[in-house]
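Each structure below appears as C-alpha cells.
Common to both upcoming complexes is chain A, partnered first by chain B, then by chain C.
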Partner chain A sequence: MFLQQLITGISIGGIYALLATGYSLIYSLLDFSNWAHGEFAMLGAYFAIVFANMVGLPFMLAALLGVCGGALISFLCEKLVYRHIRSTGAPNMFLMIGAMGLSTIFQQVANLVFTGQYRSFKFKLPVSTIEIAGAYLGVLDLISLVLTAVILVFLIYLINKTKFGLNVRAIACNAGAARVLGVRVDRSIASVFLLAGSLAGVAGILYGMKYNVFPTMGNIGLKAFVASVVGGLGSVPGAIVGSLLLGVLETFVSGYISSSLRDFFSFALLIVLLLVKPSGLFGVDVQDKA
Partner chain B sequence: MIEAFNNINNAVCGFLHINPYIQGVVVLVCINVIAILGMAVLTGFTRLFSFGNAGFMAIGAYCAAILIVRHNFNFLIAMVIGAALAGFVAFLLGSLTLKLKGDYFLITCLGFGECVRVLLNYFKKFSGGSAGFPGIPSYSSMLFSVICAILAFFIAWRFIHSKYGRNLTSIRENEVAAEAVGINAFRYKRLSFTFSAVYAGWAGALYAGYMMYVVPTNFALNKSIELITTTVIGGLGSLTGSVLGALLVTLLPEVFRSLSNYRMLIYGFAVVLIIMFRPNGLYGYKEFSLKRLINRLKGGKAKTGKEAA
Partner chain C sequence: MKKALSLVLMIVLIVALAVPAASAADDTIKIGYIGDLSQSTALWGNAGKFGAMEAIEEINAAGGVLDGKMLELVPMDGKGDSADSVNALRKLITDNGIVAEIGTNFSSCNIPMASVADELKVPIIGTAASNELVTIDEQGNLHPYSFRMCFLDAYIGTVVGTYATKDLGLMKGALFTINGDTNSEAVGQFIEEAYIANGGEFVAKEQCQAGDREFRAQLAKIKKANPDIIFVVMNDYAMNATFAKQAREMDITCMLMGHDGWDSDQLAEEAQGALDGCQFVSRIGFAMPEANDFADKIVEKYGGTKETECLFGRDGVYWIVDAIERAGSADPTAIRDALEATEVYEGLIGQLVMNAETHNPVMACEVFEFSTTEDGAHVKLPVKTVEAVVD
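Let's look at the complex of A and B:
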C-alpha cells in the first residue's frame, strides 16, 4: 500500500515537475509567473486529442503534434503579447496580468470549441497493473514516471552543459550584461518559451491519459506553480524537488486522511514553508531593486 | 428591522417605478463596486496583488449568514461583524505573509483563498458543505445596497486622500524610497490589505443577503481573478475608474444577454488588449472630474483641464 501510494505520488509529481520547470525557467528569465502555462498543457492535450481521435493519426504521431502545439502556443504568446508588454517598459506585474488574461482566453476558447465535455484518448495503453513486492502499480504510472525522468534529466543537461543553457543562465543572471556580451536575449527567451511549452504539452498529454481532457484541466498549472514556489521561484532543481514533494504529499493525504482535504494540505504546506523559508527550498533571496 | 428597510425600499422603488429585475442588477452592481473598491486600494494604490479576496468575501458572507440564521443577530450588526472578521483574518495573515516579496506573497493569498473554500466544503455541520448554507433572510434591498456602496466609496475616497493613502501611493511608486523617508512599508501594506479584506467581507455579507443562500463555489479562485480583472479594466490607481469598471463588467453582460456565453472570453481579451495598449486601464491614475469633462465637451482648447484648474 505504502509503496503503491509512493509510486503514484511520484508519478503525479513528475507531471507537476514538467510544468513547474517551465514556470521556473520563465520566472528566472523574466521575473514573472506565467499564469497561462497550465493552459499550454491543456491546449497541447486537446491538439493531441484532435489528431488522435478525430483525424485518426497514430497515437505517437498525434502526441508529438500535441507537444508541438503546446510549444507553438507558448511561443506565440511570447512573440505577440509578452514581448510587446516588455517593450513598453511596464512593471513585471503587468506581464502577469496579461498572462492571466491569456489564461482566461484559452480556457474559454477551449470551452467554446470543444464544449465542457470530458474526453479521453481512444488509444489504449495496457491499463493492467503489475505486482511488485505486494504493491499493484499501474503501467501508465510507470511509463509516465520513466518518460518524465528522461525528459527532466535531458532538461538539466540542456541547462547546465550546452551553449543554449549557458545563454539562458547568463540572461537569468543579468539580462543587460548578457546582451552587451553578445547573447541574443530575445531569441533565447523565445526558445525558452518553446521549450517550456513543449514540456507543458507532454504534461498535458500524460495527465489527459491518466484522467481526462477537459477545458479547466489547465488548473494543474496552479499546482505546478505552487510546487515551483515551494522549490523556490526561478530554480529548476527546486521546481523538480517541490513537485515531487507536492505529488507525494497529495497522494498520501488523499490516501490516509481525506481526499477532500487534499488541496488544503498542499496550500497549508505552501504557506507554512514560505513562513519558515521565505524564498522556497532552493530559491535565491529576492531583493527589491531601488 | 429588515422588514422596515424592505418596506421603505419597496415604497421608493414603487414611487420611481423600478421593477425587481433592475433592482437585482443594481444590487449586484453595488456588491461588485464595494469588492472592487477594496481591490483598487490594494492593487491600484499599493501595487499588492491578492488572489485571496474571494476568500475574504466568503468569510464575510458565511459569518453574517450564520450569525443571522443561527444566532438571530440583527442583520446590520451581523454584516459589520462579518466585515470585521474578514479584516481581522487579513490582519493576521498579512502580519505573517506581507514580509514575503512579490510573487511569494501573491501565492500565499491564493493558497489562503483556496484553503477557505476547501474548509467550508469540508466542515459540513458548520457551513452546510458544498450544498450551501440556505435560509438567509433577504436584507440586501436596492436602497440598502446603494447606501452601502455610496458609503464605501466615500470612506475609500477619504482614505486614499488622507495621509495614509498618500503613504500607500509612495509605497507603490518606490518602496525603498518610501522606507527611506520614514514610512513603515510593512505596516502600511498591512493596513491596505486589511482595508481591502474588510471591503471584501462587506461585499460578501451583502451578497449573502441578496442570494439568500451561499455556496463555497461562489467564492472560488475565479471570483478573485474576476475581481482583479475588473480592477485592471477600470484602471489601476483610480477609485472612479474602478467603479466604472465594476459598472461595465456587471452591466454589459445584462445588456448583451445573447453574448453571455462569451462573457469571460471578452473579459480575457479586454484584459490582454488593455495591458498591451492602454496599461492604465480605462481611467488609470486620474479620477473622474466633472470640470474636466465639461472642459473637454466645450472644445479642444482646454485639452487637459490645466487652464481650468
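Let's look at the complex of A and C:
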C-alpha cells in the first residue's frame, strides 16, 4: 500500500509541477504571483477540446494547438495587461490584483461559452494499468509522468544552459542591470509568459484527459502555488520538488489519516514553512513572498 | 389647468394601453422553473427546463388549460446555489407573477426556498431534492407550499442497502461518501443502517471532498479491506466515472453500487466500460418506453444528453396542470390545495403515491445495470423493479 500511495502522490505532484514551474518563472522575473495561471491551463484544455471534438482535428494536433492556446492567452495577458501596469510604475500588488481579475474573467467567459458542463476528449486511452511490485499505475498516468519529466528536464536545461535562460536569470537577479547590459527585458518577459502558458496548457490537457474539462478546473492552480512557495518562489527546481512533496503528502494524509484533513495538512505545511524558512526549500531570500 | 389635463390624458392613455396587455396576461398562466442553467450541474438544470418546455408546448397545442388559457414557462438560473435560487424564486413570484414553480433538484436550494414559498404563498415542487427538510422544517412542521417528486434519502438508502444484502448476497461492504455533502452522507447513513440490519458488515468506510478527482489514496485502503461491494454515494457523474476507472486501474474488481445520483447517461459513457456489471437503484423512469421516447425527443430537439431531470420537468408541469384543472382555478393557493389532495400521480418518472401530511411521494424503484454492447456503446439497462413500500 505504501508504494501505491507513493506512486499516486508522484502522479498528482507531476501535474502540480507543470503549473508550479510557471508560477515560479513569472515570480522570479516580476516578483508577483500570477493568479490567472491556473486559468491558462483551463483555457488550453478548452482550446484542445474545441479543436479535437468540434473541429475534428486529430487529437495530437488538437493538443498541440491547445498548448499554443494556453501560451497565447498567457502572452496576451502580459502584453495587454501586466506590461501596462508595470509601465505605470505601480506596485507589484497591482499586478496580483490584475491577475485575480483576469482569473475571474476567464472563468466567467468559459462558463458563458462552454457552460459549466463537464467536457471530455472524444479521444480516450483504454482503462488499463501497469503493475509495479504490487502497485498499479494507469497507462495515462504513466504517459503523463513521462511527459512531465521530459518537459521539466528540458525546462531546467533551458533555464540553466541556454542564452534565453541566462537572460531570464539575469532579469530575475536585477532587471535594471540586465537592461543596461543589453538584455531585452520586455521581450524576455513575454517569452517567459509564452513558456509558462504552454506548460500550463500541457497541464490543463493532461488534467482534462485524466478527469474532465470545466470552467473552474484552474483552481488546481492554488495547490500548484502552494507547491511553488514550499519549493521556494522563483526556483524552478524548488517548484518541482515542492509539487512532488505536496502530491505525496496529500496522498499519504488521505490514505493513512483522513481525506477530510488533506487540505489542512497542505496549508499547515505552507504556514510552518513560511515561519521556519520563508524562502522555501530552494528559494532565494525574498521579503515579499506573494 | 393644462398640466392637470395633460396628466389626466396621460393616465387615460397608460390605462388604455395597459388594459389589452392585462387581458393578454390574464389568458396566460405562468409557471416558473429554477435550476442550474449555467454552472457545473447545468446538464440537469437545462434538461429539466427542456422537459418542462416540451410539456407546455404539448399542452398549449392541445388547447391549453381551463378552457383555452395558454401556459408559459418562465425559467430562471439558480446556478445550483441556495442564495441565487431563493432570489430567483422571489423574483419569479413578485415580478413575473408565476402561479407555481418547478425545481430545483438540490435540497440545499429547496430547503431555504420552502420558507419563501410559504411566505409568498406560491407552491413549489422540488424535483430530485431528497432531504427531509425540503417539505418539513426542523421543528417537524409541514411547509404547506413545498412539494417534491422524488423519494427521500432514507427511502433510497434503505432500498439500496437491503437490495445489496437480500438480492445480491454481497455481505462485505465498503462505503464511499463525500464529506460535508448532505445528500451523500444521509443516503450513505441509511445504506449503512439497512445493510447492517440485514446482516451485512462494513470493512471500509472512506470519504472524499466535494469536487475531488483523485480517489486512489482511499481506494488503496478499500482494496486492502477486500470488500464484495463498494457503495459509491456521489451525485456527480464525472466523479463517479473517475472513481470507477481508478478502481479498475487498481485491480479492484468488485461490484460498485450507486443510488439515483448515478442516473445520468453521461456516466456510462465517461466510465468507458469500467462500470460494466455494476448497478444502481433509481426511479422507474427510463425503464418505461414512453419515458425513453420523451427523453429521446428532448435530446433530438434541444441537444444535450438523456437525463432524468427532463422527465421531472415534464411531470412537474403535468402535475401542476392536473391540479389547476381539478381546482378549476389558477390561483396559487387553490393549486397548492389540489397538489396536496393528489393521491396518486402517474408520470414518466413512475407512479407517485402522495402523502398529504408530509408532501413526500413513495414510488417503486428500478435497478439498472451497466454494460457495453457489441458495437461498443456503453449503456445502462433495467434489470429489476423493487416495489414501493408505503407506510
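The working rule: the second predicted complex is superposed on the first by the 286 of 290 C-alpha atoms of A that agree within 3 Å, B and C clash if a C-alpha of one lies under 4 Å from a C-alpha of the other, contacts with A are read in each partner's own complex, and residues count from 1 in each chain.
Just so it is clear, contacts are C-beta pairs under 8 Å (C-beta built on N, C-alpha and C of every residue); 3 or more make two chains touch, one makes a residue touch a chain.
What you see is a predicted model, and the numbers here were worked out from it, not measured in a lab.
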item: Touching partner for A:Arg83 - first (chain B), second (chain C), both, neither; value: neither
item: Chain B versus chain C as contact partner of A:Ile271, first or second or both or neither; value: first
item: Which of chain B and chain C A:Gln4 touches, first, second, both or neither; value: second
item: Chain B versus chain C as contact partner of A:Met93, first or second or both or neither; value: first
item: Partner chain in contact with A:Thr129 - chain B first, chain C second, else both or neither; value: second
item: First, second, both or neither for A:Thr115, with chain B first and chain C second; value: second
item: First (chain B), second (chain C), both or neither touched by A:Thr251; value: second
item: Contacts of A:Asp263 with chain B and chain C, given as first, second, both or neither; value: both
item: Touching partner for A:Lys210 - first (chain B), second (chain C), both, neither; value: second
item: In the superposition, chain B vs chain C on chain A residues touched; value: B
item: Where chain A meets both chain C and chain B, residue numbers; value: 112, 258, 260, 263
item: Contact set on chain C toward chain A in their complex; value: 36, 38-43, 46, 179, 206-209, 212-214, 216-218, 220-221, 224, 237-238, 242, 245-246, 248-251, 266, 270, 272-274
item: Chain B residues touching chain A - in the complex, by the definition given at the top; value: 47, 49, 96-97, 99-104, 106-108, 110-112, 114-115, 118-119, 121-122, 174-177, 221, 225, 228-229, 232, 261-262, 264-265, 267-272, 275-276, 279
item: Chain A - residues contacting chain C, complex; value: 1, 4-5, 8, 12, 111-112, 115-118, 120, 124, 126-129, 131, 136-138, 210-212, 214-216, 250-252, 254-255, 258-260, 262-263
item: Residue ranges of chain A touching chain B (in the complex, touch as defined); value: 27, 32-33, 81, 84-85, 88, 90-94, 96-98, 100-105, 107-109, 112, 222, 225-226, 229, 233, 258, 260-261, 263-264, 267-268, 270-271, 274-275, 278-280, 286-288, 290
